[in-house]
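Input: structures, listed below.
What follows is chain A paired twice: with chain B in the first complex and chain C in the second.
Entry: the complex of A and B
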């Protein structure tokens, strides 16, 4: 049980900027980067922001860049570095910084919404499903995804090009499309959608996403390339062309959704911006009472009013600031 | 009604719903889906991001008597196994509903896109687990929880249910008065982790789905989220808890390296043929078969090994006894000096199954050991020891509706109590989440629909909640919250852990009182935005209250049963088999224990236990 001192360089700051802070923290044999960060938090920097849950590589919360390499902090062992080496930990670069090592990964949750859900044939009820193990295995590989978003973070299409974000779902969601496409019982035609609305065409098969996937999912070989091939086949196969006209093949049963598609307001909520108005006490009470009265009068039926009024995205300014910050970080890392 | 100030101090945004579900694990998501489908305006609130709740870590499977592998299986057998596993202290009605409805809830997941492993006929495959008479657990390799949470998450997103991520609830709001004084639930109050700003969610129905309490123990398979918030919120709102003395120590946690101590090794390793050995290489579980399970447990290796292929003519291996039995056995072996170098025993699958089988059936276990401990489980045995895993105790609820004892409050999943009695069988939690998640969501929606007058929490209550949350910032030079948290964890593990004595628990209660005092003086540095020091300071209140509930109930129950083992009262006492312990909060904020008779099981169900045992 040999304890030793580890030198850590941790990026600290928020959307408005930040810098590296050097720490020395005692570590023990067998520990991972997250252990060192936790010890730091418990003993020297109690407000150091970091996400984690399982500490076992199962939840995909603790993604960061360790010495510039995207990875899970809980699965990166300290013994994989040279003794005496300083370890630099920075937040994922592709997403806006919230604070310290925590980034705003809303992008991914919004992209998730755009993938039409699994749609089995309406007469095929659960319990009646019969699928061979070999037929589900291909999709099962993609369902191993722990949504760490490291592949999203690494893909150069959005890592260096903020402007591509609206039109590009990213590798995590290419495998989601592939998973559903390969599901033996799904009825939605997903191929044109992936190509035209979700930006499969942007991908030039660099395989960087596969390299960082902690679940070792063969994102490029098993999902992206097969989908690209099928999209191409379909485009040029006259029979398929005819088939899609006369309805021989899977058809889109749901609304066409893409980045521009009519999905309605996002159900993913964010903190409301601070309310600057300081109303004198009695007026506040009256206003509250009035609202309460209005609430009581309103029938409790489903309404989207509440959703509409909520600002669903962070201010663009914040993102720009974060980008600038990450640019600084980039410079200082290299 | 969004994002307006409610007139409270320090700007609080306000939203209105019919049903607010606190927790986005399996139970919370299932409840929210049910509430939404019943027509209620529904919100989900979670401390973490969507898809990261504890449910994601579940490995082994979901118990449901679908009979895909053993057609002999049915709900009565599942019911019987569950009750016997819980040493008959379970709420019989919950155990019955659970056994009856689990298969349908699993099939429903499949309709929503879950891809379980298959049998040769193409049905959902089912695997063996401790305490289950037949292979009963629907699974996907050893990442069943991930499949379940992803399926439910994708369903909830498809339905467009509002989600408040990284948002922590610190207090339940009540109409008519705060805490115990109020008469019905009016909503929930909390803060956004990202900004530290406050949020108030008004709703006539609130469903607690906050999971467990394991973070109060040093060696645990549980994450930072498991601070028992739901348990504490319920107590403070005037509801009661049940069975809090029963904490499950999973027999097989990792012991080495230190950094992963407590990390779970799924019971599937034993379900797939793994066996436990001591330092002499002896398969010691044969020495620990209690009378209660003698009739159904193999007493020699040959019979035990035959059982994997023939459940009908052989009895189950003792490695697959319920968890409390196995955990105690491992503990005794280690104490007797027959442990492994790092203070565990050996769990051996390498010598029993081919490397290919292990890769196929236990891929994430292979991974976990390879990457975190440099151990290749296809070649070497694992070192294991018990780890705090699950709390059987939780909010006392009505069996059919999951309604707590406060109007408008519901509880479901690990934070509810009763279903598992004194010990939960593996796989019975995931099914519990689904069965009662649906029921809770539906009844919460029905209650909201029925309440024509929306309850309103007075502004003063919201102000007080905000003040309490900000208090640690106002104190200077107090202790760091992490220090107190660590001390609590050490203390609970050594004094109220797997083996308990009256003397130690009295000491524990004293220590808790002292820690409470210190917790009230904790101060935090930094600002309100994403500040873990502050978050931990606020979590302490729940952790301490839950720890006190466990210690008091455990001191009161002077017998050993399931997840409660007393060195000073080693026997199971039939009289204690007729009572549940109920925990409530006193006006001074302490916890109080009362006894309550177990509900009586109807004759037709009681008959199931009279069957001639094999």
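Entry: the complex of A and C
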């Protein structure tokens, strides 16, 4: 086994700024970028922030950009670089940076929440859903997703245009929509939603999501393009439209959802306004009690309960905000 | 009093890592779009010239059109149904605008087909519009709406161009059959290099046509119950196999159609001699 010195250039910093720092780290044959980062953390930069978990390409935690290419640090072999080459490691660029190599990927979880869950039919006789293997296979490919969000990070629609984030869910959620839309047992009509609310039309099928997916999911060919074609059926194809009007094609019997779908309840639940930064224990308990009470009460009563609770919450919020502010002041004067 | 900090939205970072470089890639990411740019541009230039250049030539036998050398008809001009088509291959449907090249009546279908093809879109969005030039390389535009608005919304008409191209593809197949037949006081079996050039052209065009994503959708992509439609599922499986190589079929058929046209022109004006045998 031969050991050698690796030149690493790592982006260090947080949301307020940062820069590249050069390091030289001893590495061994067979190692991956994450090994080098760990050794760096263990020996020279103990405050280096890096997220990882499985070191086997299965948890999706260690997403970063290595020499400008989005990838998993634990799956990028050092032997894939020229000996003597300096390896640049940066955090994913599309998401806000927490610190160093760690980004805040909340955007993705917010989008995930908006996708309605699998909704099987209610008349499930015998208590078992039966599906043929060929029908299962198609969506199985999409279930390999490890939620590394590399595809989301690479997609130029939001990588280069932050302003598109509200209107665009991203490739990871296009495969989720596709998985459920292609599911023979699902009862929700997802096509208007994926087009109107989740911005399928923004995608120009340039395939970078497919290129970076560590699970080799054919995101574009098997999910995005088929979904685009399904949307064309519904929206842009006059023949299919006319055909469904005269009964040549079955129009969907699935339940439409979402603002675009019009009918039915909107699956898009926007999270409640954030709770204040530091929550003292007693208030937390009161809030929990209030939530339970509200849950048990009928919907009409819920509003009254909430209204009643408002002054308390406001006061608590004020108190907490003041506390947080003084805490920050204390920290910054230290 | 004990307080506990909880992660909240106000806590959350809002700024991306401040990295100014447009990209940090060290590989030659620009090679791919550059090749696309050169080859596609060359094709467009050659194709435009070829489509307009339909003058009569006098090389290689009796006066005839550039794009025809019995029994070979350039695929750019097929089906030839306008005034100015050689009589042997004239479908004779349109007899107006004598000055207009016969190619222009028909080229709109294959061109529209290729222009709206999912693979070509990927290629030219990257190579011409830099949106993005390569993965993780920032695009130069300040605004981006993708295919949500006109004119790019029209990409959704791809399947209609596909339907049209099925007909054109059928005619090209017919042409490659007639390229094996010499009509001169009866029908004779004919075999020449040009016959094979056109045959390969047909194979490539059909490989490209049948691997189309719209075709994949129509065969069975649009249904959710493969198990209930075994025959359609079988087709879908076959189309999917072709579709996997769609990019390669797209390139091969593009380059070959231009070469086929060039070959027929060169034979037509006597620059090269077609090796053939008439039975």
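By definition in this document, the second predicted complex is superposed on the first by the 232 of 334 C-alpha atoms of A that agree within 3 Å, B and C clash if a C-alpha of one lies under 4 Å from a C-alpha of the other, contacts with A are read in each partner's own complex, and residues count from 1 in each chain.
In this text, contacts are C-beta pairs under 8 Å (C-beta built on N, C-alpha and C of every residue); 3 or more make two chains touch, one makes a residue touch a chain.
On a predicted model such as this, the values are computed, not experimentally measured, just so you know.
Asker: Could you look at A:98 and tell me whether it touches chain B, chain C, both or neither (first, second, both, neither)?
Answerer: Both: A:98 reaches chain B and chain C.
Asker: Based on the superposed arrangement, let me know which partner A:49 touches: chain B (first), chain C (second), both, or neither?
Answerer: first
Asker: So in the superposed three-chain picture, is A:5 touching just chain B, just chain C, both, or none of them (first/second/both/neither)?
Answerer: After superposing on A, A:5 lies clear of both chain B and chain C.
Asker: Pick one for A:14: touches chain B only (first), chain C only (second), both, or neither.
Answerer: The answer is both, since A:14 touches chain B and chain C.
Asker: Please work out whether A:125 is in contact with chain B alone, chain C alone, both, or neither, and reply first, second, both or neither.
Answerer: first
Asker: Going by the contact rule set out at the top, does A:113 touch chain B (first), chain C (second), both, or neither?
Answerer: The answer is first: A:113 touches chain B but not chain C.
Asker: Overlap of the chain B and chain C footprints on chain A, residue-wise?
Answerer: 14, 98, 104, 131-132, 183, 271, 274-275, 277, 279, 284
Asker: Tell me, which parts of chain B touch chain A in their complex?
Answerer: Residues 1-7, 11, 13, 15-18, 39-41, 43, 48-54, 56-57, 66, 103-104, 106-113, 115, 117-118, 121-125, 140-141, 143, 146-147, 150, 154-155, 157-158, 160-165, 167, 192, 194-195, 197, 199, 202, 223-225, 256-260, 263-264, 364, 367-368, 371-373, 448-449, 453-454, 456, 459, 480-483, 486, 524-527, 529-534, 536.
Asker: Which bits of chain C are touching chain A when the two form their complex?
Answerer: Per the touch definition, chain C meets chain A at residues 1-6, 8-19, 23-27, 118, 121-122, 125-126, 131-132, 135-139, 141, 143-148, 152-153, 156-159, 213-214, 216-217, 221-222, 224-227, 233, 243-244.
Asker: Within the complex, which stretch of chain A touches chain B?
Answerer: Against chain B, chain A makes touches at 1, 14, 28-32, 35, 41-43, 46-61, 75, 77, 98-100, 102, 104-105, 109, 112-113, 117-118, 120, 125-127, 129-133, 136, 139-140, 143-147, 180, 183, 264, 267-275, 277, 279, 284-285, 287-288, 291-292, 295-296, 300-303, 305-307, 309-311.
Asker: Once bound in the complex, which stretches of chain A touch chain C?
Answerer: The touching residues are 11, 13-18, 65, 67-70, 85, 88, 90-91, 93-98, 103-104, 106, 131-132, 134-135, 138, 154, 156-157, 159-162, 164, 181-184, 199, 201-208, 211-212, 220-221, 225-226, 228-233, 235-237, 271, 274-282, 284, 323.
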